[in-house]
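The chains carry the letters A, B, C, D, E and F, assigned in the order they are written, with residues numbered from 1 in each.
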Amino acid sequence: MASTLSKHTLFILLAILTVSRIAQSSDPDILSDFIGPTSTNATIDGNFFTFMGMRGIFNDPNPPNFKVTKASMAEFPALNGQSVSMATLQFPAGGVNPPHTHPRSAELLFVVEGALEVGFVDTTNKLYTQTLQLGDIFVFPKGLTHFQYNADAKNQATAISAFGSANAGTASIPTTLFTTGIDEGILAKSFKTDVATIQKIKAGLGAKA
Amino acid sequence: MASTLSKHTLFILLAILTVSRIAQSSDPDILSDFIGPTSTNATIDGNFFTFMGMRGIFNDPNPPNFKVTKASMAEFPALNGQSVSMATLQFPAGGVNPPHTHPRSAELLFVVEGALEVGFVDTTNKLYTQTLQLGDIFVFPKGLTHFQYNADAKNQATAISAFGSANAGTASIPTTLFTTGIDEGILAKSFKTDVATIQKIKAGLGAKA
Amino acid sequence: MASTLSKHTLFILLAILTVSRIAQSSDPDILSDFIGPTSTNATIDGNFFTFMGMRGIFNDPNPPNFKVTKASMAEFPALNGQSVSMATLQFPAGGVNPPHTHPRSAELLFVVEGALEVGFVDTTNKLYTQTLQLGDIFVFPKGLTHFQYNADAKNQATAISAFGSANAGTASIPTTLFTTGIDEGILAKSFKTDVATIQKIKAGLGAKA
Amino acid sequence: MASTLSKHTLFILLAILTVSRIAQSSDPDILSDFIGPTSTNATIDGNFFTFMGMRGIFNDPNPPNFKVTKASMAEFPALNGQSVSMATLQFPAGGVNPPHTHPRSAELLFVVEGALEVGFVDTTNKLYTQTLQLGDIFVFPKGLTHFQYNADAKNQATAISAFGSANAGTASIPTTLFTTGIDEGILAKSFKTDVATIQKIKAGLGAKA
Amino acid sequence: MASTLSKHTLFILLAILTVSRIAQSSDPDILSDFIGPTSTNATIDGNFFTFMGMRGIFNDPNPPNFKVTKASMAEFPALNGQSVSMATLQFPAGGVNPPHTHPRSAELLFVVEGALEVGFVDTTNKLYTQTLQLGDIFVFPKGLTHFQYNADAKNQATAISAFGSANAGTASIPTTLFTTGIDEGILAKSFKTDVATIQKIKAGLGAKA
Amino acid sequence: MASTLSKHTLFILLAILTVSRIAQSSDPDILSDFIGPTSTNATIDGNFFTFMGMRGIFNDPNPPNFKVTKASMAEFPALNGQSVSMATLQFPAGGVNPPHTHPRSAELLFVVEGALEVGFVDTTNKLYTQTLQLGDIFVFPKGLTHFQYNADAKNQATAISAFGSANAGTASIPTTLFTTGIDEGILAKSFKTDVATIQKIKAGLGAKA
């Protein structure tokens, strides 16, 4: 009986997890003030609406490599249905956030330390760039490829970003193209280059041969 | 002729402003990468996507009273259609941001200096409060009344807020109720108090008698 | 075995309720004609789409105090996903519906008996008022604070309201601010008054000390 | 000069009307509290948010034929962007509102006088019917064909309907199919009948031969 | 025990099916890249994103009667949340797709073989028609009644349709009105004809008496 | 006067064009059956809803290079507000559609001639691939990078794609990254390679030095 029970319970829990993953897949215009936790006996108080995962930014303000700390729905479930999220971006001297897209939101980037070179390309293939100073805000429109770069050789830079979705998503282009196993022949044809060049880039990015 | 011309031009400009105000009244899911400026000969480059109005935060980091600096569609037209905006909130020691609502968005508040007492009330009249430390983020759900308070007697606090709308809007409750001319008898009945108490509150808020 | 069974069933029912609460948290643009009841063996017929809870309006047409009868998703589950709901508002002579907001919808109010003083305040702190006659309709824009008052000393008034959401939600401002336990010092600072005045208002509204 | 001026003005007005028709074609999630009138020198006060066109219901409560009085965006421009509208339906004894659809909204129908037979058909071709009593509310899901009928031989019925769009739109099926000039052969094939039967129905509906 | 177990399992499965039907009832703006299958141990690979049900079009290119093959969410679950679907329409010589509506989407019809007479009626009762040649595309706006007809006496026609919803839904008007059991008296009144004519049409459409 | 007039007219026309571009930037949930042409004296008939630009596919079925023919809002204005569009993709033997994104829609691709290798990468960097046969349909989720390749050395392939937006937009990654002028140093750092490799790829893609 015990094993039957636990099998049952496991099955139910799996079912709930599956369904709730689906149920949480809908962003705007929820029909309640907020969407509470899925566990049946959870108490909802102020802690549910609080995210402490960004405290580390202030404890470790100088990471050696480019570092993103996110406050999106995965880390902060109370964002479900609220259509907003944030991230902190820390750039060491010379650090780069490679070209990437957010499939589900625009990004509003606020430089709170140092300075940044930024840019994005629209669907007519026009590049828009800017050198942002301390206190500047830049908007990267929804779904377009963009990047940030700290050109300063000595000082780090920090930015706080806002997104109009609880889960904007991020797809880094170098990783997407060259470390996921896309056929090298297709990549070579796509970039009008030879397979050796594709392999060289893959190697640099640490992709498996 | 000159006056005719200018009358014409004025009329046209008014018409354009009117129409564009309407045209800009639609938030999400635009059908283009972005919505450019309305003036006919504007060049769109990186400057259009840059907002410098927040630099003042770093130049005047210690305002004597509670101060909000916004980067929403009114100040930063490139946000039109991007469904995101930001604001910086500066609290002197003991400073309060009175109870208010944002009709069009949730708010995600990130404490970047000091500490804050925060709270909101949901539509079942339940109060949720929290004491936020440096680095904490709190989410105020869409459309609900909320407030922030810097309980520290000596140190100021600063927060950066993100909104999931280019124009979240703000309605401060003390101002909305007591300085806009709502009939004092209706207010007294609503608050189950006497007109004298309503008048006392109005006077404190600087409302005209 | 019986207790195991019932524990199981209870757990499953709780799980379903939890998940369905989440699932029902998404308003517009459903992918089906309608969203049926969550119980597994329910027959869906015309009764599912019928709400009889408003019959009481006609049986008890003269309530002594201001009274709202709602036909929203909580009372009428078939509204889930249909983005519309209704309410009937009954005002005795001199009755008031205190300032309040609906976080998720505009309200369209139709006076079907008597007359009403109404008003709302927009986010620029402008007050819009009107004296509505029998047959008049007034629109309170989304998320803004508004009120209604029956100024007639002898005759009652009745209104039927429509909302563009299955669950518009209601937050009464006197209740939200003064009966939910918000710190009295924060309220006093917010209203630029003293704690004694806050306590007087709280007492009038029946809040616990 | 005068004619030039008026030609200019006419052209401009046409342009504004054209553009504003387009601009107003976007329903939900506006970026402002409301969308004001398009004329450039209009004052916006409480009258803008008031619709008096429904007063006639109370002045002429017994129309001889089925009659709909609408408060939608066309009659009440302040509804633009507020995602809600209303209508009053008056049924004489034996009166029918023929099968029709609303392409942009569900309908919530509230019987405020008499009784009504109602029904709708979903996309699986299942018919849902109900006999509504005084005070009952029925929901017709978005976009589905539905009808109402006052089966009482002596007494009229009245209903107030709410819609979750400022312009739900109405397409009456008898009119749509048989009075708009659709090729009779196509109709005969579609209904698997002969052209003579199509022509008989058309004649009954007053369609031109 | 076995029967208890299976009863349990059945109950759970029904519950999951019920809940997942609800959960899948939300179309746009999902918060994830895609919505995976509901079964708990499913592997998601390229097959999940592939629909093979349209291969039959090429294997059976000449069906004797009008035939629709759909790739919507019911047949192709990966479409859930992607807001798009397709269908192939095959018309024998003289074949007709009777007047119908799609409650949740516009339709974009691409003629890939033969030619088609098409039309739709808007909410002002204006009919728009066109004779489409090979390669032509026609858009039927959201929710409006429309039809297609292959006027060619010898050659078949084929069209591929796109919809802006994963489940546009279809309601055929002859079927909706005359084979679902709507009261014949209501239909006769609605079409301003006699019950005998209604019964004749019903018989032609194969409806039960 | 004439020049003044024409200057005026030009100014007005530019203003209208500018505003209407903005006005048309809002996709879903329009408040009308459709959005008509912006010119003030245009007649709207069946032609407005017809797109003939795809006829060329059947006249030139064997283009030497990969070729996309679009039926989106830019080419077919009647799609404005209808949330759907189509495209035809023609692949010669060995032809590739390089990795790209559509910022505003998922894509549903229907192979109507030949066979195709397809794939996409999600935001967890997982690659999903498939070999599509004649008649197969594949869905590329919203905003994710994807590609198609005709691996057949002799036979061409053709696909018809559907999008859930009137203007899905396309950003080809090789073009976006390597032909728009993004700083070569930033690209080299992003791809963890040297500037020479970046320059080699740029040269292959025909970018200016």
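One rule holds in what follows: a residue touches a chain if its C-beta (ideal position, glycine included) is under 8 Å from a C-beta of that chain, and two chains touch if they have at least 3 such contacts.
Molecules present, by chain and UniProt name: A, B, C, D, E, F = Germin-like protein.
For clarity, every value in this text was computed on a predicted model and none was experimentally measured.
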item: Most distant chain from chain B by Cα centroid; value: E
item: Equivalent interface positions on chain B and chain F, same or different at half; value: different
item: Chain at maximum distance from chain F, centres defined as averaged CA atoms; value: C
item: Computed distance of Cα centres, chain D from chain C, in Å; value: 27
item: Averaged-CA centre spacing for the pair chain D and chain A, given as whole angstrom; value: 46
item: Whole-Å gap between the CA centroids of chain B and chain C; value: 25
item: Gap in Å, rounded to a whole number, between the CA centres of chain E and chain C; value: 38
item: Touching two or more other chains - residues of chain A; value: 8, 12, 15, 19, 23-24, 26, 28, 30, 33, 103-104, 119, 122-123, 142, 144, 165, 169
item: Complex contact set, residues of chain F against chain D; value: 1, 5, 8-9, 12, 16, 19-20, 23-24, 26, 29-33, 35-36, 38-40, 81
item: Contact set on chain F toward chain B in their complex; value: 4, 8, 11-12, 14-15, 18-19, 21-28, 73, 80, 103-104, 165-167, 169
item: Of chain B, residues touching chain A in the complex; value: 28, 30, 33-34, 44-52, 54-59, 71, 76, 78-79, 82-86, 105-108, 110, 112, 119-120, 122-124, 128-130, 132-142, 144, 160, 162-165
item: Interface residues, chain D side, partner chain E - complex; value: 94, 96, 98-99, 101, 103-104, 117, 119, 121-123, 125-127, 142-145, 147, 149, 169-183, 186-187, 189-193, 197, 200-201, 204-206
